[in-house]
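Only one structure is covered here, and it is reproduced in the block below.
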């Protein structure tokens, strides 16, 4: 059954997007010791499509998912949408309701459960700011999506 | 305008709910040096009402908000609901759709912006697991809500 | 086509729920002169089901709709749900997210369009308070639902 | 605690958007006698962004909120979105789902509670029509959002 | 009361969108024997507005609804939106969340209830694929909306 | 890539829930010839939890999914919730908004894509009635959820 290993895949993804550059220097070698693969990136837009697209592209380019395999794209897509729901809290919309985001994202893939049969899972974490399209009129926001892959 | 100070109120709240007991021992003295007040707690239920109630009660008992002041309760309530949306991703429901949560929560209050006129804000962070009401059939989940107070 | 007569059915419904007793004394004779039929009532609960049920029952008892005709119940039901969405703004939930309402409601039925072929429509207006289940920790709320019948 | 003064801020906002020009002539002097500040306007679009923007601009230009203070913009923004949810009932969308609105709006700011510590609140009321982008194929719609500021 | 006749209007609509061309050849003569009128069509887009519009246009051109009568347009519009909710499951959005649809649609109008007083109803069924805007990265999707007319 | 085989897994699931007993006698032998496994059942309730639970239990008892494997339960759960969104169209709620369902359900598992690497997927189809908790005051409803497993 799904007993989780000590450090969850979601926690790792959140730590990566929250980390300062100093903290990242510590976290990266820790990630190397795990079986997880991951990528990190930044995206900012009033256009939700661009946010979704930036994360998908980074995950494909960094080999976190196989872009020709729909099953992997499907798993990633739903993890992204779930993370976006944490960011947008209510309406999955940005520019349409006059707001913009500046986000760091992490995509982590691996086996978070002790039972090998549970297979691979994917986590998408987002952290940054959301607000009016005027610098400073914004507050922090975060989201986490997790899916089997 | 709303230029944020170096460490955001939301980031602090997320770090608190993500911290292991070792990490908490480091984080707590750091929190003392800031102007933020905060409280930490745990809640688990299939009943969303109990989750909301546990966070409200902890925030009142620890003096994070004044319970007789509706304005403060209103600010906290909406921050909780926004954090819950990150946790539930789509339907703000637990038992009704056959799932349960085990969550750590942090409520942080203070002045995250350099401009003193921006006044106080409140952040609610949640981290834990969500899943079927059977131990192990669950994955991680997180949410962050922020409001002016 | 749907050109509306001077006073809309929705506006009438809203005026009825907003009216003080003095204003009601003025409004009621005005309503008599229109072709509209209507009923007024009050309902308060943490349980959304009771709110829906109170409005349906009042509309049936006052002969605003025929309770044996599903088509009329269906029209009323969707108008109620739309009005409730204005009241709850986001989650169509009360007690589950730890809040309660005290509402006045009006159900108005009639022909709001000049063109007789547009037939009858139904409006449901709600106005009152929403908040924590503690007296005073609440603010105003309103909603309007309109449907063809 | 939050005992409300006789005439709620939300009721005033709704009365302002519902008023005919005759009724406005009566309401405006009444508003002068209260401590409330307010503005009135009209907006119509298939583009929700324009609706949000029109209300924000009017509130800033009329000095209802301070545009450089994010805390006030944040309070107004959420009050607008809540009012829009009453208008759109379900999907916070207009053109994307082929519909358009013509709305009057009122933004009212002041102290609706007897207890001075409850401070200032803001109400946004909307009333008008929603429908297909063809004149006449529309019905009435309304919404009310309230927030502490 | 609303006892349904043997073959429901929703079932007919779903059978029409699911039918292969062979099955359609069988279904069409069956439809002729009922009192139902219907139309069939195809639409594909990343733009939800085009999907709504294609169905409305087909229903008007085929005389399923009278386009000058708002009451009929209103009934159809809500049936379309309900069917779209089955297709999009959660967010009523396509391109904004980076996905596209290819759909067959059926609009059926008639009297599904034995009791003549229940009058006419309209059903909108959708079936096709939803996915990334890359051929093959998609799975099936369906929706059904029903309304009194 | 994800080219689908001739008969989609979702279409099969929908045909199974729509089938009359005569049609089922034809469909079942056809299903035997495919690589799909499936189960059929009925559920009716005002309580959404019971609907979710009935489908999960049937899928486990019939060996469609392995109940000890969280990854399979997770895939099924999200497919169920997506199908329920088609049924409830807007609010994923039944009794809370005073309505009840009587549903047939089909769960189908197998390989719908030609490319073997796409692996197994699961489809959940629902068809039946939704309405007031009074016999006859109801109309048809349907939903389809699909997920990789």
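Letters are used for the chains, namely A, B, C, D, E and F, taken in the order the chains are written, and counting of residues starts over at 1 for each.
In this text, a residue touches a chain if its C-beta (ideal position, glycine included) is under 8 Å from a C-beta of that chain, and two chains touch if they have at least 3 such contacts.
Since this is a predicted model, take the numbers as computed values, not measurements.
Asker: Going only through chains that touch each other, how many steps at minimum separate chain B from chain E?
Answerer: Counted as steps through touching chains, the separation is 2.
Asker: Indicate whether more than half of the residue numbers at the chain A-chain E interface occur in both copies; give same if so and different if not.
Answerer: different
Asker: Report the inter-chain centroid distance for chain C and chain D in whole angstrom, where each centroid is the mean of the CA atoms.
Answerer: About 20 Å, centre to centre.
Asker: Per the centroid of Cα atoms for each chain, what is the distance between chain B and chain F, given in Å?
Answerer: About 36 Å, centre to centre.
Asker: In angstrom, rounded to a whole number, how far apart do the mean CA points of chain C and chain E lie?
Answerer: Computed from C-alpha means, the inter-chain centre distance equals 30 Å.
Asker: What are the residues of chain E that contact at least two other chains?
Answerer: Expected reply: 1-2, 70, 74, 90, 93, 96, 121, 131, 136-139.
Asker: Using the contact definition from the top, classify how the chains connect: line, ring, star, complete or other.
Answerer: Per interface graph, the chains form some other shape.
Asker: If I apply the definition of touch given earlier, which pairs of chains qualify?
Answerer: The set of touching chain pairs is A-B, A-D, A-E, A-F, B-C, B-D, B-F, C-D, C-E, C-F, D-E, E-F.
Asker: How about chain D: which of its residues touch chain A in the complex?
Answerer: Spelled out, the residues of chain D in touch with chain A are 48-49, 52-53, 56, 70, 73-74, 77, 81, 84, 92-93, 96.
Asker: Chain D touches which residues of chain B in the complex?
Answerer: 1-2, 68-71, 74-75, 78, 113, 115, 117-119, 121, 147-148
Asker: Inside the complex, what are the residues of chain C that reach chain D?
Answerer: Residues 1-4, 8-11, 14-15, 18, 82, 85-87, 89-90, 112, 121, 123, 125, 127, 131, 135-146.
Asker: Sort out for me which residues of chain F touch chain C in the complex.
Answerer: Those residues of chain F that touch chain C are 90-91, 93, 95-99, 131-132, 136-139.
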